[in-house]
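Okay, so subunit A shows up in both of these, paired with subunit B first and subunit C after.
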Partner chain A sequence: MSKSLVLAGKEFRSYFSSWLAYIFIALFVAAALVSFFFLAGFFADGRAELRGYFSWLPLTLAILVPGLTMRQWAKENEMGSIELLMTLPAHTRDLVLGKFLGTMGFVAVALLFTLGIPITVEILGDLDWGPVVGGYAAALLLGGAYVAIGLYVSSWFHDQFPALLVGWLLCGLLAAVGHETVLGWCEALPAFVSRTFAFVGFWDRFRAIERGVLDLRDVAYYLSVTGLFLYLNVARIRTKRWTA
Partner chain B sequence: MKIDRTQIVISALLVAVNVILFNLIVGEFRGLRADLTDGKVFSLSPTTERLLAGLKEPVEITAYVSADENIHEDVRPLVPEVMDLLEEYEIKGGSKVRLRRIVPEEDEKAEKEARRDYRIRPQIGIFRDARAQGVQSFYLSLVVKYPGSDAITLNADDLITQNVFAQEQSLELKNVELELTKAIKKAVLGFESKRNLFRRFPTTIELTTFITPADQMPPSLKDVPGRIDELLDDLAARSEGKLVHVKADLGDEALLKRLRVPALDVEGLDHPLHLAMILKLGDQSRRLSLLDYDGARSNEDIEGVIMGVVRSASPGVLRRVGVAQYLPDPDGRMRMMGQPSLPPAYLALARTLGQDYDVVDLDLGQLRSLPADLDLLIVMEPAKLDERAAYLIDQYVMGGGKTIFCLDRSDSSMLDGTRQGAEARDSGLEELLATWGVKLQEGVVLDPNCGEFFDTRSREGTLLEGPWMSSVEVGLDEGGVNREVGYMRAFEAARFWFPGSIELTPVAGLSQNWLLRSGAESFVRKASPQLVPDLASWPKSAFEPARADEKRGRRILAAEISGVFPSHWADKPAPKKEKEAPTEEEAEPSLEIADQPIPSSRPTRMVVVANGEFLDLVQAQVESQAGPKYALFSANARFLVNAIDWLLEDDDLAAIRNRGRSFRPIERLEEGAQNRTMLLNFVLPLVGLAALGGTLYWRRRLRRPLI
Partner chain C sequence: MIEVLNVSRQYGSFWAVQDLSFSVDAGEIVGLVGPNGAGKTTTMKMITGYLVPSTGRLRVNGIDVVADPTAAQATIGYLPENNPVYPDMSVQDYLVFVGRMRGLSGPVLKERLRFAVGACRIEDRLVRPIATLSKGLRQRVGIAQAIIHDPGILILDEPTSGLDPNQIVEIRDLIRELGRDKTVILSTHILSEVEESCTRALMIVGGRLALDDDIEDLVGARSLLLRIEEADGDPTPVLAAIPGVRSVEAVGPRHRLHLDDQGEVGREVFRVAVSEGWELAEMSVERRDLEDVFRSVSRRGIA
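Now for the complex of A and B:
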């Protein structure tokens, strides 16, 4: 685990050595503010709550997280530095976990920069912080799942761009299938399709946590998806190592 | 260890399968959750938990809910919340709650049963959005059944409401726990009251049965007379002498004709078939035919029918609420000038209250008596009431009666479409209320910080929009609602139209609290025929802004008073009663008004709202049609319900109703301040980001080797 943390620290710092990280955070915060103030109409609505911000988060994160993870393995593959990584006296799971935790640290920092929204609401009204805590917990769980998916996808490519595209596709699909609009489109299909979509999709589960209810089933789902893709990532790298 | 590639793939697949199985297993662990909200709004309240723990028999909750794909997308997200809550009932109730979900479209028999026994029909919703407009029907109903009691049905209308505060049309759940717990309480009360029901009757109940003897019955009904006899004898024994069962002589045709006893000619029978009973209580009698109920019905069903009639005639099972308002003239004549015009709004109010209370309509224009068993009296928009009516209300309060007054000192009723202003007018109750420390101020409150208003009563019949000062909104800023008062904690907001204001002065023995207040910039203007909106001169406010002599500040729009009330007639003689022929209504038991006034009350409670039109539900309905953002008047009805909870000391339901705060308003900002707030939110993270980048950059530079 200590090796993972060392690697995570390295990955985390490496994000901030490039302007890309700052652009990412700026875009993320801008998207959050636009969704909160303009799309959800905070002032017109007049309610001291953050639903307008959180309700767009599954989509915002689905777009931005693959941008963070695309380079993680793809760049190693492209540069050939993966060979070097394989020679490190670290277990494959430490490598994967290191990259995951480093990226998660960065996502957490990005979320931290949106704390101005609840603070503003608290100043203007009496904010219930329970759903806010739930919302940020849900954002971290969702972010974790996206990061795990993005890392796994990245491990398959030697070029960052296809990793980004496939990452978007997969994260977007998992976000979208649970959305009520998509479920509405499934009306013509057999009932089990929409039930499966509702079960697999991220959106509905995110809504439940975001309203302030941390249900074991939702938490377990996010964690298990994260765990599954991290395991698949480890398996993928181990296969590579074996091939090498 | 050498790792085979196939092994890796297989293990990865096994992990994936395990993850799916894990989630399927975890999916069964219901109720393991943390409710992070203030007030635990997504968890069952202690009141409900106590109710469930105290159930003697299991309560059955059946959810008739369409499959997700058949429910419109606006309603679909709300269904899991309803089902989650039902699961909470099941988990917390243990063996005392049986939960079933039925998808009516997939179970034809259940659908028929739902329609026949519980009158459940698919909900038809009209939805409009940017893409389309359409109609979709779906099921979303709950049925609560408690052994020996009538089933109670909650339909979608009872569970879902329009979000009146949203910018666009959106639906949200009502307080489902409140509705469901209320239903369980009602069902249990229905059962409990059966045992105590007869005690409530002041006199003996005579139940005369007109039933064809068993030997003359068709084969399928041969057992019915015996079953009914047995049942009624059992009821009579339980009634402790209050129920007398009499078997009528079916040979007395004159009697049958006089009482209009229903009979049925059955093929193969040479005599008419009688299966009826008449319940007589004092002067009242109710006829009941069992012909509609086939012989296959169980004893419980037949007992349910009989008890239903007994219950409907029983005093005090439901709380009785008297709504005193000006009722339409029965002969259609227009009222005399000076009297307010017909307010059909309060008939809608009576219907709304009728869902939970036994509502008695009282005509303020002819208020000469009050029913003796009123639990609560609501006085709506009184105008120029005479002294005798005021005395009647005073003595009702002295008898411990609970009251709500909605009144002011101006007439802003504009239903004739010729006036839009507010004219001075007295209610006739000013002196009476002053005795209890409630002084109704002259003039109307105008508030420059009001929201947009929609006037349905413009002369041209068009809709006018604009922040009219005569439309006073409270609760949209902090300080408008007294959230220190328990039942107001979760209250959202209210809207008044030309409200009056209240000044509270201390009275020994009484506790007074303000409940709703106007904005800090509001002021009072003298009511006069000239007080009309003038959009030409004041296009933004419709009224002249506060003049130098009009002091700005918050004004009390609603208040509560509790304690021992002194009588206004404590030291003076009662006003003389007009000699009039007793009406049919007066033949019913009514409150005896003694010539010697009762000088002070038993501890009781009162709510005063300084606005006659506060509960104009017709206006509320019209507003709702115009769009959700205009529908604040609907929220006024919620204030009424909260107040009734407090007045009737129904603390259990009030505790559920007021858990958490569903609406938390933000401070209203001018457009400039809004823009500055948004700008700050955009700029500060950028500054923070720049600071972070700068710090990291300098740290890296400092670490860089000098050579």
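Now for the complex of A and C:
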């Protein structure tokens, strides 16, 4: 465990050693502002709520996170430093957990920068902070699922770019299949298809938190997806000892 | 103490290492030599627990590397081939990271950092990003990383490859110094390097052990070449009578004395020359060339 924290600290710091980190945060905050003030019609609705901001998070995080995770394993594979990591006296699960926590730290920082939105709303009107706290907790859970998926994808590549593309594809698909539009298309198909999509997809699930309730089933689902992909990641790294 | 027992490793249908067995005792500096693609790197990757052997067993300090890789890895310092580093990190951040991953912290880490940095003479580069260092310095950082936890065993895969002659000498000196209290396995395809740094040579050809010998036995003085002038009569019988001389061969104006072992034969030759009234115009010790030894083994293939 302590070794995963050492690795997490290193990965977290190394994000900030590149100007890309600041561009990412700026883009993320910009996307949050646009989705909140314009796409979700905060001014038109005239309600002191964060609905709009949270409802677009499954998409903005699906775009942001693969950009963060793409390099994690792919660059180790490319530079050969994977060998250094794997010959340090640390269990594979500690390495995977370290990379996960380090990236999550960066996601948390990016989310922190959007706190300006609820604070602004609080100033303009009387904001109910309950749903906001629930929303941020759900955003972290959602981000965790994306990070786990992105890390796993990254472990398959020696090059960051394909890891980014496949990461976008997987995260985007998971977000999209739960979207009401996609679910609408499925109406002609047997009912279990749309039920499965609604269950698997992140979009519809995430809308639940707009009501201000963090459903335990949703929490369990995000955590299961995260756990599954972290597990697959450990398995993938381990098999390198046989196949590399 | 490293034990490699009947180890084989397969990549697809290709056997990179076949039925390899050897053991290295504490304090030895072993040179792993052989042509490129002979299986040196694969062997080192298996000893360090990065690769699992297809068959066979590996033990490091009595610990089974396959069964408990982390315990074995804790006692090994490893410089992988091509010295992978994190170029964005500063030298200090990198060494501290590796130290922490190896369970060091607080004053112990500080002390070990000071030692590693001092031994590798990179004290004045600590805050520089690794990316800005020359290849020789980068190699020192790689070695500093490998000794940060004071391991009993050092595995260095081609520590001098790609360096210029000055840097090679520096790295060799460093390895010799570290080898005083550590067991070292280093790989190289430069044979003189083995002669310079190692106490023992292991040659791998086609994934199999082709030669395992002490360096001294391999390259020790085997003959003396003399040119004698102003001799009355043939000096051959007199030379052959010197203790330690196995036989005498006339090579043009010179005589070659084949020796039993490296003794004080040279001194005795002088004494005889003086008492016989010969003028000794030339005397040189002929060492067997490692290159010749290896070339003949390589050509012969597997013994």
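One rule holds in what follows: the second predicted complex is superposed on the first by the 241 of 244 C-alpha atoms of A that agree within 3 Å, B and C clash if a C-alpha of one lies under 4 Å from a C-alpha of the other, contacts with A are read in each partner's own complex, and residues count from 1 in each chain.
Definition applied: contacts are C-beta pairs under 8 Å (C-beta built on N, C-alpha and C of every residue); 3 or more make two chains touch, one makes a residue touch a chain.
Just so we're clear, the structure is a prediction, and the values are computed from it rather than from any experiment.
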| item | value |
| --- | --- |
| Partner chain in contact with A:6 - subunit B first, subunit C second, else both or neither | second |
| Touch count on subunit A, higher of subunit B and subunit C | B |
| Touched partner set for A:217, first subunit B, second subunit C, both or neither | first |
| Touched partner set for A:195, first subunit B, second subunit C, both or neither | first |
| Touched partner set for A:90, first subunit B, second subunit C, both or neither | second |
| Subunit A residues contacted in one complex by subunit B, in the other by subunit C | 17, 242 |
| Residue ranges of subunit C in contact with subunit A within the complex | 45, 48-52, 70-71, 73-74, 76, 78, 80-82, 84-89, 93, 97-98, 100-103, 145 |
| In the complex, subunit B residues that touch subunit A | 3-5, 8-9, 11-12, 15-16, 19, 22-23, 26-27, 29-30, 32-38, 41-42, 67-70, 72-73, 76-77, 80, 84, 165-167, 476, 478, 660-661, 663-669, 674, 677-678, 680-682, 684-686, 688-689, 692-693, 696, 700 |
| Parts of subunit A lying in touch with subunit C, wherever the complex brings them together | 3, 6-7, 10, 13-14, 17-18, 79-84, 86-91, 241-242, 244 |
| Sites on subunit A touched by subunit B in the complex | 16-17, 22, 25-26, 29-30, 33, 37, 41-49, 113-114, 116-117, 120-121, 124-131, 133-134, 180-181, 183-184, 186-187, 189, 191, 194-195, 198-199, 204, 207-208, 211-217, 220-221, 224-225, 227-228, 231-232, 235, 238-239, 242-243 |
